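Structures given as structure tokens follow.
Below are two complexes that have chain A in common, paired first with chain B and then with chain C.
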Partner chain A sequence: MATQIKATGSSNGRWIREDRERGLFKVSREAFTSQEVFEHERERIFGKCWLYLGHGSELPNANDFVTRNVAGHELIFNRDRKGEFRAFFNTCPHRGAMVAREKCGNALGFKCFYHGWAFNNNGKYATRYPKGTYPDDFGKSGDSVDLTAVPRLEQYRDFYFVNFDADAPSLLEYLAGSTEILDLVSDHSPNGMEIVGGVQEYSIRANWKLLVENSFDGYHAAETHETYFEYLFDAIGGTAEEALSKMSGASQSYDYGNGHAAIEGQAPWGRPIGRTIPAWGEQGEKDIALIIAELEGRVGKERASRIATRDRNAVIFPNLVINDIMAITVRSLYPIGPGEIRVSSYALAPKGETPEYRKRRLDNFLEFLGPGGFATPDDVEALESAQTGYGNAQYAPWNDISRGMLKEEPANDDEAQMRCFWRQWAKLMEEE
Partner chain B sequence: MVGVTFINHDGSETLIDVQEGCSIMESGVRGGVDGIDADCGGQGACATCHVYVDKSWVARLKPPSDDEIAMLEFAIDTDPETSRLSCQILCTAELEGLVVRVPERQS
Partner chain C sequence: MAEMTVANGEVEASTLLSRAEYEDFLFWEAQLLDEWRLDEWLALFTEDATYDVPTAGSPDDVSSSEKLFYIADDYFRLRHRVTRLNKKAAHAEWPRSQVSRIVSNVRILGSDQAGVQLRSTFVTHRSKGDVIDMYCGHHLHTLCQIDGQLRIRAKRSMLDMAHLRPQGRVSIIL
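On to the complex of A and B.
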């Protein structure tokens, strides 16, 4: 029995098998393909966890609104006339049609196009009918016809999250140590941060957890994205050797608790916040020196160095990806079924950034992170290939996520961060 | 921009610049005029943006539509001559100097 793989803590090991002594971690491929698992996830994960809704900068003024889908729910994220942030289910209390059908806008109220029921942007029912049409106390005696608010809406550093479970712990408690990630990306600028207009929306024919893993997988980069790195070394100027020699031993992974985790390191590309490349020339060195001096004055030398020079990829459990690399991408992803993901990606950037640096940031957002860029198509191919490969799960049932498990301090190209995710996933899926 | 004066129930006055083509309700609410609930946001569905138009202005406004007259039935303390729904008064250059009074309550 020397090779027996022990189950994790309280779980029966149906989907996860872990042997800490030998440093082995296996994930069942059924977790990626099963309809039953997907339905379980909707209830136990997407129905219980805090889910990213949007960034405060997307609603700069009173009466602003955006509409978006969060875990299969059409929602309105808006500010009422007093400027309060709110989240409603986008469905008419009357017969269900969506009361806001635009992607974004500014409106004092919402009116359903189907029968004309109207609502204040604080959700209050606002339609009058001749006496006798409805009872005199219609909507006022426990039969509310107001828009239904999402049970919980809370924010940290302007990142707004919803929770469909009214009894969930506070967002702050839920985020645990991962507030560090939101702090690090929020402190890039003394002026605050903003989502740059627009969103990248795409879908992938793979299970959502494949994209979670991929979003903070330092191991795959050189192999999967070889074309990009060839292009990159050309674009940054200098030689690959020079670029690589500047990358220090900064590689780390972070377990933030509650399934949140991140990897940190130093890649060869430029960072508009604080790491120049030869292609930006002498001016680049001067500009970046100024940016770093401001950062150091505001947040201290050590933290400034982390913000300016380190790249990080983080997952806030279950499905918010924050990749703070050349650009910052804020990416949320939702399963439509076991084998399909819908992705929304937003670019977060310092307010007041110069046009030149904003352009560099957005070029990077497009060319590496974007669905039509150099890297994401490679990833989509890999994820869809894995999903197809899971068709053999009956005979080849396990994924291996063991890399670096015996190390005291796993590196950013190990898989410790993925194990954090999977342990939490298994805990929520299997707990009684 | 067209200047419209809202006389609040307490007698104070608020001068609002209304964009041509906008309703005086929309600019009034956005400008922080108290006492115009306008719950439906300008859809003509709720009768909570009731105002009294200054008598000297009544004849100079486009008369209310049948829908507005029907909806005014739901407003309270209406005056047959001067009551209007402010969401149905769209601003044009001719309305420069318009004066309306805000009622004590909308519902």
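On to the complex of A and C.
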């Protein structure tokens, strides 16, 4: 159960300074620049937390596979001959070469191109040699020559996560209240959801935590994205005043536990799931009315209204962003050093959408999101500018994340959700 | 000698120009972009024009109704893209990056009622702050003639790269 975010105490850690009385929250800029911090993160955060691997819809059939890099590890995410979902380290047990080098495919097994070792798609060693080449019990007596499975693979509502720590708690326990976010986006459709083809893979020359903060930062929108909003008010039709007058309900932030958090509110853009704009015309109104009627019948009026008309930005700790805004983006991000992020950004959409509707959704996605959108490139510029600015950390050492800290109920343009992230980050980094 | 295919009916021979003339047009387009003369660049387009940049490594015939792109502009959004890039508040491109485009390997693919289809390869360098990024790929242009002037009816810039690393953005017009 999600709770409204409240300040939880004061602390004076190495990286976080929190003064609950005065409502001050500071984060050390060293946390963004230090090689030592990065190496600690690999061990204590990316080595211990559940990390998003992929969506079940990406592997619709038995024998389908995709290759992914998760926190520096090359992985195979696949379904075996029985249709079971699996995750393997993409490295040959023989001498280490990657056994799958395509981005995706359908294969009964994997064969290493280096010396030809072969494996079934359940990971089992399947190479034949003349008798006497290897011992008769080769690979069967604690010297496995199978592909190495990732220690843990679990899913919630078709979102598959891995954990490199065999002793980690279950995914469900880890997700805590953040299952609400996965439920809300999964309930958009009666047919289930799918990842649309075409992934935006890009990088940013900044620390990964800057992108985490930015992904659910309502405060920066009006300032950084002024040019987007100028476009938007022309694109949606009608006046800015009209569009803004339709916004209702206070915005909120949610603390889902374990560092997961979200903000929720309303913005003037169209939502393909349930908020039309004048530019979509009468047809748009009709389409949206039908979608809402189906939604209400399936999940009830109150929940349908939340799904259809509220915008939300969420971060599932440490690095899965789910932004259910003018379209739905699922974005995972990994550091490859203190100052470089690898981003993979996907569009999530209802299965069985009509082509016209899919086009409307993707157009909506592109107007704001991604490397060619009217907003994301300016975010990237801001993040890189901050990273460069941290070169002065010795003399200007602290970031301020205090906004709204003394409020009973912080809004979506406060920074309570970021404080949830940072408290969990500090807890994992400082734990004895 | 270019291979010539004629689809959707006959094309009057008089509407086809020489490759050198099409090349001149593409070089002029590149120069306008290099010099950030974006209003003049936009004026090269017809008002039903489209401008696409699919995700890196996509096939030429990929559809923006089915796949996620980086950019899939109709003329309305293209006009806004230019309006936006003309403002200082387009932070990704302010201060403006310095850009240099090489356009080469121009071929006439064919023509139909929409116009003449051209394929060219490009290498574009973008320099801003401490970094110089390179984009490479090929353009697919559909050009038509209106009142004797060549105009762009469609431009699709295909990035012949596996991903957008390290560039991270397509904040310039390719």
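In this section, the second predicted complex is superposed on the first by the 419 of 432 C-alpha atoms of A that agree within 3 Å, B and C clash if a C-alpha of one lies under 4 Å from a C-alpha of the other, contacts with A are read in each partner's own complex, and residues count from 1 in each chain.
Rule of thumb we're sticking to: a contact is a pair of C-beta atoms (placed from the backbone, for glycine too) under 8 Å apart; a residue touches a chain by one contact, two chains touch by 3 or more.
Please read these numbers as outputs of a predicted model, since none were measured by experiment.
Residue contacts after overlaying the shared chain place A:Val27 against neither chain B nor chain C. Contacts of A:Ile401 after superposition on the shared chain: neither chain B nor chain C is touched. Taking chain A as the reference chain, the count of touched residues is higher for C when chain B and chain C are set side by side. After overlaying the two complexes on the shared chain, residue contacts for A:Arg128 are found with chain B alone; chain C is out of touch. Contacts of A:Ala107 after superposition: chain B is touched, whereas chain C is not reached. After overlaying the two complexes on the shared chain, residue contacts for A:Pro355 are found with chain C alone; chain B is out of touch.
Contacts of A:Gly116 after superposition on the shared chain: chain B is touched, whereas chain C is not.
In the superposed pair of complexes, A:Leu428 makes contact with neither chain B nor chain C. In the complex of the two chains, the chain A residues touching chain B come out as 62-63, 81, 107-111, 116-121, 124, 126-128, 130. Interface of chain C with chain A (complex): residues 53-56, 58, 62, 64-72, 76-77, 80-81, 83-84, 87, 89-93, 129, 131, 163-171. Interface residues of chain A, counted against chain C in their complex, comprise 196-205, 224, 226-228, 230-231, 234-235, 340, 342, 346-347, 355, 358-359, 362-363, 365-367, 370-374, 376-378, 380-382, 384, 388. Every residue of chain B that touches chain A in the complex is listed here, in rising order: 26, 29-30, 37-43, 45-48, 71, 73-74.
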